[in-house]
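In structure tokens below, several structures.
Presented sequentially are two complexes of subunit A, the first with subunit B as partner and the second with subunit C.
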Partner chain A sequence: MLRKAVLQTFRQGLAQSFFKRNAVSLSETTVTHQPIETSNEAGERSVSTQKTSDDSGNTVVVAPPEFRFMYPEFLPDPAMETRNRLKEKLERMDMLQRRSVIEIPEFYTGSIMAVTVADANSPNKFAKFVGICIQRGGSGLRAWFILRNVVDKQGVEILYEMYCPLIQKIEVLRLERRLDESLLYLRDALPEYSTFSFDMEPERRLNNSVVPINPLKVKLRPRPWLERWERQNLQGVEDLKLPQVFYDRAAKVAKPWEKYDLMLHYRKTIPAEEQEKIFAEVHSQLQQQELKRKLRRRRGPDSEQ
Partner chain B sequence: MSTLGLLRTLFNPKIVTPNATQLQSLNRSPFLVGLFFNHEQIRTMSRVKRRTTHPPYWHVLKNVQREDEKISSDNLRFVREVIQDKYKNKSPIKGSDLDIAKTEWDPKTKRSGVIARNIGMYHMWQKDGTKVICTVLHVLDNHVIRYVPPEEYAKSIIGAKVFKNRKPLGCLVVGAEATNPDKFTRQYCSLFSEVGLLPKKRLARFIVTPNAALPPCTPLTAGHFVIGQGVDVYGKTIDYGFQGVVKRWGFKGGPASHGATKFHRRGGTIGTGRDKARVWPGQKMPGHMGSERRFCRGLKIVRINMKYNVIYVKGTVPGPTNSIVQIFDTLLPRRKFTEAPPHPTYFPPEDGTLPQEDIWDSSLHVFGSPSISV
Partner chain C sequence: MNQADLSKLVSALRIAVKPKPKLFSSPEGPAGRLKKLSATVTALVKYERIELNYPRAEEAQGYAERLISDAIRNGDCHKHTMEMADYWLNEKQLVHKLFKVLVPRYQNYNSSFTRLVRGPTTYPGYYAGTAILELKGNPFPPLKPETHNYHYWLHNVLLEEAKKEFRSAREERNAGTTESVTAES
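Let's look at the complex of A and B:
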């Protein structure tokens, strides 16, 4: 009974986070975006990591529902033709192995990150790049993210594969979210919105359990643009101030019924029951790795062997 | 000799048997081509009959043809008990108990192959940081069903064709994916009940030299292969269905604009009108594409997981994800074995020690090891 209650809260949490996440597409009025609660120190939250007992008396670990956003690459590609449980399991094991060596922190589109990569062509064999994460994707070992920065007035974007062993360090300098899931419009925005200093220090957050949403509205350069931003329902962009013709054409091409298409959304996501299983499998190991890192940080580099 | 006769001998397209994977190369002397032909085609592969929808006539009927009978739950339970009793007593013998003749391996030995399922693609990295795309092959529960000695196999229809002017070799029939006998006919189940195995969904024949023969019920696992060896993978390619000429044969089609009227992805001309004045057999046209048996040769094994019976092979394999393939030791002369592999197959050590669970090739970067620094 207890397990059922916990699972219900998990699923409710999932549903709520689903709606929160897709609040933009479901309703046209402005929604007060509640920052999604996450936990860097997952073990500290009392509600999340509950070990409940099954009907038979075995302990069942239930991972917190926020894992879906913190570790989205653990969820496989929803396309059913290419899915295989054994391969996904093996892939997860390898991902955890890699995570035991390097800390791959929680980050979102809009976070500012610094990545150090082994580079044979660099003078000191390591290349560091700082940038804002404009997009992330892929599942499993193929997970990637794109960092953007403007260097010497030249916009630079680098795609990093999260599990590539050449990556020495991934550091999140500023953990925050933006109003959109993809910030590709920064390519057509004024350069100041994509410029970040390479000497930027990691910022300490006051409230560790909540990831803030930056409600910044970006100013775009005058047209021509790389994409038709007026057709993409962007929240993080200032009023485009285009002639009405553009909006009329956008309305003709728009698919307003898609937000009601539940089967479309279902096919694009992994069902809740599977997500539970996946994260339950992965949760204990991630927790252990997190604890080890905390201990190492507390002890300091001197006591490290 | 007349010019036409000369042409006939030089440009005669040969009908190629389905087993061949190489194209017959026509004489393409530029002098002759320029002189007599406006456009030329390789007509050989398009003439080949590539697939049949029916199995060979000597196959026994496999799947049960009757509709779902309305059996009461008691009778259903009874049927299940009968099946359990039947297969419980005749359990397949473990590898170490079988009396396998200790045969020597020599470079001319042909070992058995293995039936596996392609479960997906994987990204791994080498020690210098280069990415390697691998295919994951899950070795199913393979068991040897029977061994057909060379003399007997040479008398069979396929055996006679294969060994027409050659010294005959033996044939191992291997099955994979044990299933509920309810789904299959009695004749099909009888193939397995003699050796005491649950009927297998999939059967395959592997040509072996007599010194690599295995007794029935021998299990074949991922340990049959060695890290770094080359394998040939045989499977059925992705089924694309009825496809047009651009996708199927790589035609260029027509211009997308500039006034092209209804000619964007069509074939264009199908004959000259002069020579022979008809459409040649084997003219490339739209039709069914894919679902053909192909080999991918010389793929290197980079990782073996003994616990889950999984092989990681560098490169791609014919067929979609979750399709069945057959894996053999490679034919390619430069990638063959120099040292003896597990011969005739791998058996777990008799003292009960477990083998190393995850074996990696020396060139690969193991995920648990520190990051690469160049």
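Let's look at the complex of A and C:
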């Protein structure tokens, strides 16, 4: 009798915990969300809340598809061996918490940014750096980006971790994209392509809904280079004008079959259904934060005075 | 850069995907591996049930599922999907079969589109054994017998009740003996 009772409670406990877990996730997805729209939103980019209905007829919040480009660090590392759903969920909560304290704006590789970091050793206690984002990576709280600038004829690159608490301010001075996802070739390009003034003012965008792609083709310095750029299929570089031997060797080493390797692509990315789930979870909080910031900016000069 | 690649949107596969791909040696190297697997995928789409060795069946299952899921997600007007179908299906009439027959068949499926069943491992022979890879919804008789719920059949009901009676009788007997023991102590 006792053993039966113990077994029953154990099974019940399991079932309860399972149900609770499912119930929580269900309630997250079936929350009806009213998008708060203020009257002066006309000029601003409208991040539309897409509402779709699931099987039971409740409206389900779905984040717009651009979210995966705007917030790529919310997606976990696709390597299957290290995936842990609970860890990812906790990390997303921490990321949102940090984003509520400091504004981490939308940026892409090729955008010019200014980052202010708390520095105990500098006279002002803050250190500001302006540069072009040449690469971004990492997932979760370890998301990083590299800013490059040429200071006193010396090329300088700084890797910033986006969620580092030492960062005081991240400002996007010019929001644009380039033809490549990685601008590491700027290291071998003429210095004028990487030079940006530290006094650069943030530029106002004429068209808020679309991020412009700068079709600039960069001129590289004469060889030797840091990497074999001719093997990397770069779009944003002018014709390299190398002897044919280089291209022949590149063709020998190339892996053209990888274009057709469907499982390789699958293992390198997060499936669409999971992306939608992640961004639906995170979307409403991000929108609320953005709105609060807009209201604060509008009220800002009046309330501060 | 361990950020997820955003260039393609991919449907989630409903099969168990292993973290590392299985390599197959061939005279052409890695290109030959994909060629061999494309032959397997072509045969699967053509015959809808094929018998082959297990490791190749496992890999080909992944690629077949990816191809079908891409076809369902993007349709036949999508350039990238068409290129993939063109590469993976060596016979061009099978590209038509993929988009005109398989996509409508699997449009509303919530499960995987293929089934991998392990076949006999004959000794001496290939250690990993054989497997049968088939597309679901094929016109052939099923490989495994259909599973029915037999618990409400009369003899099973009677057996379950007999088991419960036996267990409760045994627990009463045990409770009786422990009570007598505690009473004595």
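Criterion: the second predicted complex is superposed on the first by the 250 of 305 C-alpha atoms of A that agree within 3 Å, B and C clash if a C-alpha of one lies under 4 Å from a C-alpha of the other, contacts with A are read in each partner's own complex, and residues count from 1 in each chain.
The definition used in the following text is that a residue touches a chain if its C-beta (ideal position, glycine included) is under 8 Å from a C-beta of that chain, and two chains touch if they have at least 3 such contacts.
Since we're looking at a predicted model, the values are computed, not measured.
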item: Partner chain in contact with A:167 - subunit B first, subunit C second, else both or neither; value: first
item: Which of subunit B and subunit C A:101 touches, first, second, both or neither; value: first
item: Contacts of A:91 with subunit B and subunit C, given as first, second, both or neither; value: first
item: First (subunit B), second (subunit C), both or neither touched by A:270; value: second
item: Partner chain(s) touched by A:141 [first = subunit B, second = subunit C, both, neither]; value: first
item: Partner touching more residues of subunit A, whether subunit B or subunit C; value: C
item: Touched partner set for A:81, first subunit B, second subunit C, both or neither; value: both
item: Touching partner for A:119 - first (subunit B), second (subunit C), both, neither; value: first
item: A:190 touches, of subunit B and subunit C: first, second, both or neither?; value: neither
item: Shared subunit A surface residues [contacts with subunit B and with subunit C]; value: 81
item: Interface residues, subunit C side, partner subunit A - complex; value: 1-6, 8-13, 17-19, 21, 30-31, 34, 59, 62-63, 66-67, 70, 73, 83-84, 87-88, 167-168, 171-172, 175
item: Contacting residues of subunit B [partner subunit A, same complex]; value: 119-120, 122-125, 129, 131, 136, 138, 305, 308, 310, 320-322, 365-374
item: Subunit A residues within the subunit B interface of the complex; value: 81-84, 86-87, 90-91, 94-95, 97-98, 100-102, 118-120, 125-126, 141-142, 161, 163-168
item: In the complex with subunit C, residue positions of subunit A that touch it; value: 1-4, 68-69, 72-73, 75-81, 135-139, 143, 182, 255-257, 260-275
